[in-house]
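Chain nomenclature is as follows: A, B, C, D, E and F, assigned in order of appearance, with residue numbering initiated at 1 for each chain independently.
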Amino acid sequence: MNRPDGRALDVHRPVEMILGFHRNAEGSVLYRAGRTVVLCTASVEPTVPAWMMGKGAGWLTAEYQMHPRSSPARREPRDGRGKAPSGRTQEIQRLIGRALRAAIDLKHLGEQTIAIDCDVLEADGGTRTASITAGFVALALALDRMRAAGSLEAPVLRDQVAAISVGHLPGGLALDLVYTEDSSARVDMNVVATAVGSIVEVQATAEDEAIPRAELDRMTDLALAGVASLASAQHRALSSAGVDLSALFQTDRWRVA
Amino acid sequence: MNRPDGRALDVHRPVEMILGFHRNAEGSVLYRAGRTVVLCTASVEPTVPAWMMGKGAGWLTAEYQMHPRSSPARREPRDGRGKAPSGRTQEIQRLIGRALRAAIDLKHLGEQTIAIDCDVLEADGGTRTASITAGFVALALALDRMRAAGSLEAPVLRDQVAAISVGHLPGGLALDLVYTEDSSARVDMNVVATAVGSIVEVQATAEDEAIPRAELDRMTDLALAGVASLASAQHRALSSAGVDLSALFQTDRWRVA
Amino acid sequence: MNRPDGRALDVHRPVEMILGFHRNAEGSVLYRAGRTVVLCTASVEPTVPAWMMGKGAGWLTAEYQMHPRSSPARREPRDGRGKAPSGRTQEIQRLIGRALRAAIDLKHLGEQTIAIDCDVLEADGGTRTASITAGFVALALALDRMRAAGSLEAPVLRDQVAAISVGHLPGGLALDLVYTEDSSARVDMNVVATAVGSIVEVQATAEDEAIPRAELDRMTDLALAGVASLASAQHRALSSAGVDLSALFQTDRWRVA
Amino acid sequence: MNRPDGRALDVHRPVEMILGFHRNAEGSVLYRAGRTVVLCTASVEPTVPAWMMGKGAGWLTAEYQMHPRSSPARREPRDGRGKAPSGRTQEIQRLIGRALRAAIDLKHLGEQTIAIDCDVLEADGGTRTASITAGFVALALALDRMRAAGSLEAPVLRDQVAAISVGHLPGGLALDLVYTEDSSARVDMNVVATAVGSIVEVQATAEDEAIPRAELDRMTDLALAGVASLASAQHRALSSAGVDLSALFQTDRWRVA
Amino acid sequence: MNRPDGRALDVHRPVEMILGFHRNAEGSVLYRAGRTVVLCTASVEPTVPAWMMGKGAGWLTAEYQMHPRSSPARREPRDGRGKAPSGRTQEIQRLIGRALRAAIDLKHLGEQTIAIDCDVLEADGGTRTASITAGFVALALALDRMRAAGSLEAPVLRDQVAAISVGHLPGGLALDLVYTEDSSARVDMNVVATAVGSIVEVQATAEDEAIPRAELDRMTDLALAGVASLASAQHRALSSAGVDLSALFQTDRWRVA
Amino acid sequence: MNRPDGRALDVHRPVEMILGFHRNAEGSVLYRAGRTVVLCTASVEPTVPAWMMGKGAGWLTAEYQMHPRSSPARREPRDGRGKAPSGRTQEIQRLIGRALRAAIDLKHLGEQTIAIDCDVLEADGGTRTASITAGFVALALALDRMRAAGSLEAPVLRDQVAAISVGHLPGGLALDLVYTEDSSARVDMNVVATAVGSIVEVQATAEDEAIPRAELDRMTDLALAGVASLASAQHRALSSAGVDLSALFQTDRWRVA
């Protein structure tokens, strides 16, 4: 099978990251995977939502927004201009939040909130998984800044997290779908996992007919391989920016993939 | 491990269904699984959403709403009264819609819409999976009515669909969580599958730490066994109401679990 | 004149009540009058609205909602999904609240709120009056539960309240209109009254031409007879459920109709 | 009993009307009854709502709004600025619309809409009844303009309509309540009626305890006397402005009160 | 060039003011300039917005609303009824607020808010400038009332403020445009200034092509002459109502234009 | 006077532009002026708003949004998430739209819309003027693309437009204010003008006391010099990207500043 961008079925798009692209946020990355571009920022706020106050724990939340021209084909109305954020938007930002909360130990963060803003500038499939993978990088940059500033009592990072999609295409199982592949996939799966292959979240949806259990297992295998590769890319990018990821991890939690 | 209602870990709650409870809808069922009660109706509308018009295909959509007193503990504001439907509500009704669309062949439904309304009257965990399992029954009743009325050119049912939850509890993997179990689960999984064990949708979410891949596989096994049992219950209830499920299936698609 | 369901002009539809249908609420009833079905729940909340705090008195509020398929003819959008509750909905729930507040002595309720939720499952005319008549039953059940639990310092029930419609039809004055009658009535009247015939609320509306004063008086007479009959039905249903209505009344207020 | 403004119990406030106060609307009146001031305009629009199109009939609709400083005591937020029109607002404007639709024969209006805008500039009780009484005057002015312009095929006025309140006060039954009386009334009644005493709408609400049937009848008597007096005032004001009310009535419908 | 109402190019419409038209507000004026009519009220509230509390300073805010029939041509929906206040509405009420805040020294007002409500009853161009000119009069009346009541520690008025429009028409520069002139102007300028010609706000917008700098200067000259004339009219109207404007000014700030 | 970034009073911040930064839009630029960063895209849509259809002319519209972390100090809620776009947002995007519509001849654009999206990524004062200056560059890129694609019948560019702020600071008049200067300015002026110094829009607002007319004139002079310098920067950037600005201009309209 020929993929639109010539990749092998089990290879994800090459990833390019510009760390610190947004200069105001405590952590930020401009993340490009092919024609999908996401700007992720991590902002540290000195408070927690009302329902969490007084418990001593921290919080992490995420927002996701498509740029009106993120689609190559046409401009679409911006969320919040004459239309509320769609169910899809809310679903995605809840997913990003859960995925990144799994990466840190909120109990030891103190009463502060890390807000992850994911602005999809260009969209060619995989925007939610790109947001998670990039969101982790922005988060790590912010944690590094907090560590240096002494606003963390102890390391809070528990796991290195990334995400990728797998599709059940007519030509076989394929990693990291672009938009046209996504539209024709019988099943679309998104997997959030750790650098060493533990599962944070699995969402598999048959858009058309149900698939046998064994296919699901093969799709999971492929996704975990992709996550491991993205975790390496995160690691390299952070190292290049002078961030020692191991120093952010809780004792005994740092494991190289 | 002792479960709150004394069940074994691999047993779902007993299910009771009153078919035709709502007399106006083309299909309806009052579905009780322990202290979770859902009223599902299937209404047939002679049109499709604007973006589908002129394609000759049909549509199926779902709405989900909690009764203000669905919680045993306290009354909560109703969706749409001073607050928009929450992200959770939208996420659930999108899931119900996808799950039931997988059951039928929309291309052969003609330009009509089947609307599934799921009113959760009492909630004790598992309301989204109960809505899917009950929603399938309401859908089958409506299809039977349409068949009898001659408003279907050919059978459109492709699969028998049901759903169940599995939790990763401190005491082990457990089927069909009640509310208190759900709150303490490390991982919460919802599986929508067919009577013969094909996968329609999997959603597994680590609320706390990630879990090993092998655990995910065991959870899936347990869920599929639960779905098979619920499919039998659906079949029995429909038969008692005089509905021959096999007659609603497309040729060669009917398979007993 | 022949009525659609064969009743005499001065007879209301037979009423069926399932008390305790909703197991979480402090009081509940599934109320059926012909093809009109309302689920009423009464929930006790341990607080009052902000504008009432610190006065020592209690509050009673009501919400009313049509099920999307309450009409036999077609599904309609649910309140709060893309549309705010309509003026009609707000008008009705304000009426239900006023009617039931007239039944109790809020000053002696203590700072708690009783919330009456009226879900119209099936609608064939008379849904607002059915909500009031059923709402009283749910309220009495909740008061009985509160009395047994010792959360009432003294009885607070002041009057037994029910409601019914009367229409000015081409064939004469008719009690308890069904939908098709309601649509063709020259005047539609709703009367909320006590078991002994005192007036709580009267709403009479000429949909077409004004009517002579004498006609209004005859309509009121007919409505009060209907309310007395419904009050007997409430009494019987509560007795069957083991509720001694007289024990809930303030001293010297209990009077048999 | 002494009333705040020294009136006898059965006397309404003196009424002052400035016809044509708003120069753009087809009909308008600035209506003052004591410290209650309403600006009513009647605008003729050359179309009908979508659900009425093609039936050949006309429509009449009403909007009601309180000026932010209509209360002598304090400024209150304007409807639609951070808050939707309240249930009370919607209830009142629906009432005004029904009351004035009863006055005309919509079937012979042709496919045009008359919109009545009621802006309460100052409020001291009785704003909804003032809006109806003034609204009729604005309507009559607009009909006169339409008649002169030849945009009415035939007269469409069926009845002369006005409205007034009656209260059940500790000191007796009182006509046309001011705000402080309204707040202390056991029962508040609003009656819309024709110049010759036919009933268009009755709304009687016990704010506290129910009242005997006989009291209701006495309140109705008092209200009808008040409406007759207001109808005379409408007649005089229209005559002074050169409008011959009798010429606007359908044949055989004009009757002097 | 002939103007629609026969005025010379450098003359504004004659202005008529009825002070105290709205009896509840602390200050009010019904302001008519030709066919543009605005009712302005100034209400004093004993508090400030949350973000200003505890600073000891006061606030002034403005709201602007078009009456549904303010246009001679047709009725338009009211703000807040099915549509949020438009961008235009918000822009105008922000302008009015800024303009009138420039007139007073908020630091010495104490923690109270003056709310200016501008209801445009009839609109023929220039409604925003009429709202400012009339708003100043309502403000002065309220300040005079506060002074008399002793609720001002010292005078707070800093400048006398009025506003006017100038248009770049095909026939030359024209003062105080009516609606049809406004629509055909190449550039529309609104100037808020003090009685002695200092600039509070200038807004000049080329609706079509840009204009040379020299034209802008000439337009400003014309506007300042108009503002001076309106300031005299304000002064005369306030004097007639018994208000001594000079007594409201801070020491050394009162200057006759 | 020392400015926070060491500039002379009459010098604007150095400007950096990355043309084509957003690859999907027909025109785009990442525009940086000091710590103010705006991403502007120009999207061509093959239709016009409903109220313009059938007239043969085109339209240009603009949207403006602050990134939640555009402030260096703290994260702020995004427009449309629990809050409607603010009055400030609407005012700014209306300004941007007007400014850029002045640059082109809509009558000859054909029935298509150019949508300018301005996303303020980092904000340090001057975001609205940066949006206009950058918006012109994005527009020119889109027009060049349309010209090359043959979707323009004739050149439509009429003027080269840019914008800048001037402030009345304690130390004198200053060009291109940063945030802290803006907050302390007595008067804040924004000028939109053409490369050759014609005025498109002037907005000058005294935040505190009014200023003499002569000061206003000096501020305008300073602004026009700034606009001329920005126009040169636009020209250079477009040339570097291979765009010949003169070819986009209508005959006889191209003039070098």
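What to note about this one:
Basically, a contact is a pair of C-beta atoms (placed from the backbone, for glycine too) under 8 Å apart; a residue touches a chain by one contact, two chains touch by 3 or more.
Just so it is clear, the model here is predicted, and its values are computed rather than measured.
Any chain bridging chain B and chain D, meaning touching each of them, is among C; the list is complete. Among the remaining chains, A is positioned farthest from chain D, on the basis of C-alpha centroids.
Rotation angle relating chain D to chain E: 180°, from a CA superposition, given to the nearest 5.
If you average the CA atoms of chain A and of chain B, the two centres end up 29 Å from each other. Per-chain Cα centroids separate chain B from chain C by 34 Å. For chain D, the set of residues that touch two or more other chains comprises 84. The touch graph of these protein chains is a ring, one cycle where each chain has exactly two neighbours.
All the chains close into one ring, and from chain B toward chain C their sequence is B, C, D, E, F, A. Residues of chain C touching chain B in their complex: 22-25, 35, 37, 39, 41, 43, 45, 63, 65, 67-72, 74-75, 78-81, 84-85, 115, 117, 119, 121-122.
Here chain C touches chain D in the complex through residues 84, 87-88, 90-91, 93-94, 98, 102, 158-159, 187, 193-194, 197-213, 215-217, 220, 224, going by the rule given at the top.
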